[in-house]
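Order of writing sets the labels: A, B, C, D, E and F. Residues in every chain begin at 1.
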Amino acid sequence: MDLRDYVDLGQLYAGYARAVDSGDWDLWPEFFTDVCTYRLVPRENHERGFPLATLSFESKGMLRDRVYGIRETLFHDPYYQRHVVGAPVVRQVVDGRIHSEANYAVFRTKLSELSTVFNVGRYVDEVVRTPAGLRFASRLCIYDSELIPNSIIYPI
Amino acid sequence: MDLRDYVDLGQLYAGYARAVDSGDWDLWPEFFTDVCTYRLVPRENHERGFPLATLSFESKGMLRDRVYGIRETLFHDPYYQRHVVGAPVVRQVVDGRIHSEANYAVFRTKLSELSTVFNVGRYVDEVVRTPAGLRFASRLCIYDSELIPNSIIYPI
Amino acid sequence: MDLRDYVDLGQLYAGYARAVDSGDWDLWPEFFTDVCTYRLVPRENHERGFPLATLSFESKGMLRDRVYGIRETLFHDPYYQRHVVGAPVVRQVVDGRIHSEANYAVFRTKLSELSTVFNVGRYVDEVVRTPAGLRFASRLCIYDSELIPNSIIYPI
Amino acid sequence: MRETTTVPEDLRWESDGTSRIPFAAYTSAALHAKELERFFYTGHWCYVGLEAEIPNPGDFKRTAVGERSVVMARERDGSIRVVENVCAHRGMQFCRARHGNRAEFVCPYHQWTYALNGDLIGVPFKRGVRQDGRVNGGMPADFRNEDHALTKLRVATRGGVVFASFDALVEPLEDYIGPTVLRYFDRLFDGRALRILGYNRQRIPGNWKLMQENIKDPYHPGLLHTWFVTFGLWRADNRAELKMDARFRHAAMISTRGNAGKAGEVSAVSSFKDQMTLEDPRFLDIVPEDWWGGPTAVMTTLFPSVILQQQVNSVSTRHIQPRGHGAFDFVWTHFGFADDSPDMLQRRLRQANLFGPAGFVSADDGEVIELSQEGFEQKPFHRTLAELGGRDVADADHMVTETLIRGMYRYWREVMEA
Amino acid sequence: MRETTTVPEDLRWESDGTSRIPFAAYTSAALHAKELERFFYTGHWCYVGLEAEIPNPGDFKRTAVGERSVVMARERDGSIRVVENVCAHRGMQFCRARHGNRAEFVCPYHQWTYALNGDLIGVPFKRGVRQDGRVNGGMPADFRNEDHALTKLRVATRGGVVFASFDALVEPLEDYIGPTVLRYFDRLFDGRALRILGYNRQRIPGNWKLMQENIKDPYHPGLLHTWFVTFGLWRADNRAELKMDARFRHAAMISTRGNAGKAGEVSAVSSFKDQMTLEDPRFLDIVPEDWWGGPTAVMTTLFPSVILQQQVNSVSTRHIQPRGHGAFDFVWTHFGFADDSPDMLQRRLRQANLFGPAGFVSADDGEVIELSQEGFEQKPFHRTLAELGGRDVADADHMVTETLIRGMYRYWREVMEA
Amino acid sequence: MRETTTVPEDLRWESDGTSRIPFAAYTSAALHAKELERFFYTGHWCYVGLEAEIPNPGDFKRTAVGERSVVMARERDGSIRVVENVCAHRGMQFCRARHGNRAEFVCPYHQWTYALNGDLIGVPFKRGVRQDGRVNGGMPADFRNEDHALTKLRVATRGGVVFASFDALVEPLEDYIGPTVLRYFDRLFDGRALRILGYNRQRIPGNWKLMQENIKDPYHPGLLHTWFVTFGLWRADNRAELKMDARFRHAAMISTRGNAGKAGEVSAVSSFKDQMTLEDPRFLDIVPEDWWGGPTAVMTTLFPSVILQQQVNSVSTRHIQPRGHGAFDFVWTHFGFADDSPDMLQRRLRQANLFGPAGFVSADDGEVIELSQEGFEQKPFHRTLAELGGRDVADADHMVTETLIRGMYRYWREVMEA
């Protein structure tokens, strides 16, 4: 894999982590292609072959509907989230489509509370080059965290 | 951005994380320029526009005074800290000055206790090239962690 | 250090983290040379000069014996583990032998429980190039975590 | 953690009625222990799972009744057994896998072995060990395997749903549910083969009863859940019925979709979003199913342990597993039917985005439950005011009432004050 | 977590005096509940914030009185109201934002709506919902909004500082503080407009009273805080006064800087660093201010909830919010004055490096409090020895005494033993 | 966290015997407090460390007796002192370093200073501070340092092992251990100079007694520990002896390796792996040592606080430090002997892979202890069945018995029911 792509891939991951923790939710859908897959999946369902996801989106439109929900329709106790993501391991590149994976940990901080481990797991991604740069054609968030501490409102 | 700079930037961040967790506090000020900014700031103050920082240093001298304080004047229950830092995202480079950011999590381990989440947040940095290599002209540690578990003694 | 090596080193670390969290334990020994060192060491023993390790292996055969133990002989409550590892800092390269270090955090998730901080520390490594690519000739896991939450069964 | 001064003695009701529930009912550890005993461990059937989760002989699933770990397994003869997950020897929780297939259960500590029905069938060195022509040790002569089986629970299944009880004297399941609610149980579980779609698991930091209340509360959906009111999935002016069993512990909320987007007094609420449309309408690609027989949503609460969900095309069970007085684990099992078309399967999976710990609709409920518990903990001497639709307890043909909550607490008082 | 066998009955004092405080006073959950009731919820004024935090009508701030969440808000008429953050309907903690601006409070669960003063002004479907020409449900005919307001606290403000009390019969604030301590309160809050500089928040794993003691203890600063003794900011031989209110619950420690670096018996302590100098002296760029009227530091403790700090140019309030018997949250609000010059503003911000959870000086205090609690937990039957300066309670004109601590516990016994 | 309804009153034994131990003995916080008092703080010697850990005058080590922090230090004269880590002034846990070298102990809060033996030797400003020709404050005239020493524990050492007791009336160490078990104590600690190899520390979420039971249980090693049975390190048909002191609180399990790999009834267990071989046999490069005098493994349990391990060439102490009723910290100190050859040192270090929190063998034990506690918590009214080898208590010459566990609980009842 070409070094420039490697750098860009690292920047895509780092930029994503920055964006989803910024509180500016509109940044999030822009990391994806128009037709895309975003799935938040318990490791159990993934490994046992169950099709259910905690969230399963199939288009940038659905991601935008989620952003609208976060801002306007989903009542929730506000929190900060913080993603710390390992370096992506490139599994293969098939005619320009990068298949990469990375481990992540997300920490939640509620107002006037301590920071806690919120959700940990692995990204399994397919990344393509677009005129605007690298974008996720597919991002699976396969999480180990067996129990969600009440709710997940913001994007992982 | 030139690949070599990209590699050096990554090494600067990784070296910093290694240094502040080593227990050899004298290493820490050397990652900064003589005139520099180091600020440890609650996300609340940062986002609400309050000027107060938990710590606010303006020179390598102040950093050295802190090191002296850690070693000689600040009574505290000793602990290990461990920084896990995401890859830096380069926001812009303005005539050689690199503006980069990275998410971080710091874990605290007290003697005969379990490891816990101590402080999580985001570095917002300005990095310049010096004869000795890349250095931080400015490092803001903007932390999500609403409650500090008693005290922060060592550098974040 | 040559950029290609730098990329490969990053992939070695990322691949290792992916492998030990995958549940496919056989992947683990393959990241090492036949004659190798793998030591899991409390920071206390390391810094006080005590020779005892929590685990101390001296050959790929011992790593394979551990894998057999995990699968066949060690009774344990099953858990997921998740490694989030910082970028490796290259300390020196001595005739092709890369001396590098990285901070890590490992999270444990037991069935029907929340995710918790399991083990945090620092990898101190020696990496060599083999026909099959970069491999660990030596990996020390020096952990801060003063108290192990009951047991460590899987590779750190 | 907050302290609480609440002790059972503190529990004071303002009247014989149950429209004003003392916060202490949610904050007392001692009361919680009493609830576990009276609601989960005696006199009641608790949900443990679906037959489709253990289709084959030897299949097992580890789950919980109240706060006690149990294992549900399918015997060679196809029958289902439920045993407590505590070894008869020295008490170890022997089963840690959450699912799998076993010919028998072996406790790792000393390898005592049990049949799937809980019978003790193997004790190593039971008759001692021969050494140098002498027999050493072993269990006492009067030791009989029959005396040391695992605790066996009573089991009842209906329509593919499995219930268990620690109480040998518990009434039959059908009597327990009662004819009124049974009708809605059977509507969903009519004997069709089920297909498991997967699980969602969350820990909600609130008292377990708050989840039962939430699903007995037709007042909140049209106010809290923007999607419901805006898309007319659930509005206070939808056609609806509220039905309870004779003792008011179980209930069914039956609602028929209507008035989507239409203004009116029930949309004069801040959660109604006039202009709201979906960029991708596939979230709400709803197709009626014959078996609905009219209603577009039926939410059935079976006290104390489970909620049966049918919201348009999304069907699931929601298992309540208490974790002390201040929290419970909430396990969602989404399913479909073996004869679902690929389109219907996809539809159920898409609509699942509305439910569960991150759902466009259900995430709200977990949040309000957590914040309700916070309110109770800071003011344990106070009480709620559940008086919408009056102070009495009765079935209703509309949704503007908290009668089901009052009913649940009438039953609660009956049992807890006995 | 450590177990403790301590129960209130265990509380034994060695005499009628209060120079030897039983560790059980810090380790008993039951005593803590009693303290909340007697010190935080009845008979006392608790700090809730500064007027400058909510300058405009509709501005609000969520904070706590003891362990109860409350909201402080500014009315259209400029007056300040404080209400408990618990919905009158079913108890939800309705306000989660920590600050903002609202015309009214709406509880998310069922959208009950309250005026900023706590009056209930809206109940959805209160009179039922019209459907097919019939009115369904609604609240009972006898339901009156007036009966279901939020819990309203009494409010008192002075010099821009806001206090609240759950107790309608609490004495006037000025009487509560008393003339002696009021003088020092007014010295700092003389009516000047304040400017909020920001917050620091920490959770200290020790009993809340330890923080009051720490600021009533002039013995430790010259010994624990190297910076203080070395730079003469606080030394046992500085000119000083200790003053209390008539009931010994509040106090002011008044100190005047001197003897920086000078040797002498008080510097014959290991924390005195003869050679210590700063590489960057701007940390201690101290400029006297007229309003000090002499003293360079006045630390005022208002029992039970707040500490008012003036240390040279750094001024702040420190809010004590208990979290069970073994921990409290400590919220620092640093401020300046509207007419501060840019230099003075920068000076206050630089000197803030000495205070707060990471401060060159204050970090020590959190640490010793945590380790004091550790000592108490392991030995709950033991007691402290606070006998420096004798065993009596009286104002003093020097710092070599623990009289303020003895005074606080004389008041504590008076209230807790009543 | 699980609730438990267990209270001491609930503790019911089925008979006068101790073969059926009530789960409540492991789940009650109140009973735990009573155990600390009766087993750890009075009438017993607790392990605190090895002399080799503090070889030089001034060396100290912070450790714990029960749940109380103590410091063990070596005096100038070479003697060893143990004091409680609680300052006599205001109770702070003054020592936080876990090891080091000090001429004296200084409490950071107010710098009260103690000799290594606990005597109070310095109180700042004890006689007040001179200012403007006047003496301010200071301790009362009747204050005597002698009255305010740290709590001093009694200390006993044998063979390089250090024990301490809060109880001045405790019997001599040798009487406490008793002649039978003392023989095995002396076998390991015969006065040879020890070399500290290092530490392993783990927190096991189970009641502390479960660890004592685990090492008094010769039933499990041949069943749970595959390595033991397969490599013949520990098999039910190995030559073995079980010995107790006169009060049955301490014990030695003495075993001699044999039958490696050999089939037989004890290998007719699922944990026996016929085909198992090591890719790197250095894990089990065992070389007999003269001092063994035959047995290849002797596991000695000294109630309540320590286990002495000799498993072939691996020797260590295992210190039990309770943390509430549901957990304990387990500290392993591995050592060798000063005269070990380099090969023997390496051998001990290699075999250490079998033990500790990740050991091929010992990791199992922590896991079964955690899961035993889980079983007890969910069923606090139940009891164990420790009847292998009968219901009585007596030494044995084989391993097919739980008599040592019954013995421990006979002693437990004797002390707890007194």
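Worth a mention:
The criterion applied here is as follows: a residue touches a chain if its C-beta (ideal position, glycine included) is under 8 Å from a C-beta of that chain, and two chains touch if they have at least 3 such contacts.
None of these values were measured; they are calculated from a predicted model.
Any chain touching chain C that also touches chain E appears here: A, B, D, F.
The chain pair with the larger count of C-beta pairs in contact, out of C-F and C-D, is C-F. Chain centre most remote from that of chain A: F (centre = mean of CA atoms). Distances between chain centres, each the mean of the C-alpha atoms, put B farthest from chain D. For this pair, chain A with chain D, the centres built from the Cα atoms lie 31 Å apart. Chain B and chain F, compared by their mean Cα positions, are separated by 42 Å. Centre-to-centre separation between chain A and chain C, using Cα means, comes to 26 Å.
Centroids of chain B and chain D (each the mean of its C-alpha atoms) stand 48 Å apart. Those residues of chain B in touch with two or more other chains are numbered 3, 75, 77, 84-85, 87, 105, 111-112, 114, 117, 146-147, 149.
Residue positions of chain E touching 2 or more other chains, listed in rising order: 96, 108, 201, 203, 224, 271, 329, 364, 368, 371. Of all possible chain pairs, those that touch are A-B, A-C, A-D, A-E, B-C, B-E, B-F, C-D, C-F, D-E, D-F, E-F. Put simply, chain A touches chain B in their complex at residues 3-4, 7, 10-11, 13-15, 17-18, 21, 80-85, 87, 105, 107, 109-117.
Taken together, the chain D residues at the contact with chain C in this complex read 96-98, 108, 201, 203, 329. Residues 29, 32-33, 36-37, 67-69, 84-94, 96, 106, 108-111, 124-125, 128-131, 136-140, 143, 148, 151, 323-325 of chain D are the ones that touch chain F when the two sit in their complex. On chain D, the positions that touch chain A within their shared complex are 99, 196-205, 224, 226-227, 230, 271, 273, 276, 278-280, 282-283, 329, 334, 345, 349-350, 352-353, 356-358, 360, 363-364, 366-368, 370-371. Listed in rising order, the residues of chain A touching chain E in the complex are 75, 77-78, 111-112, 114.
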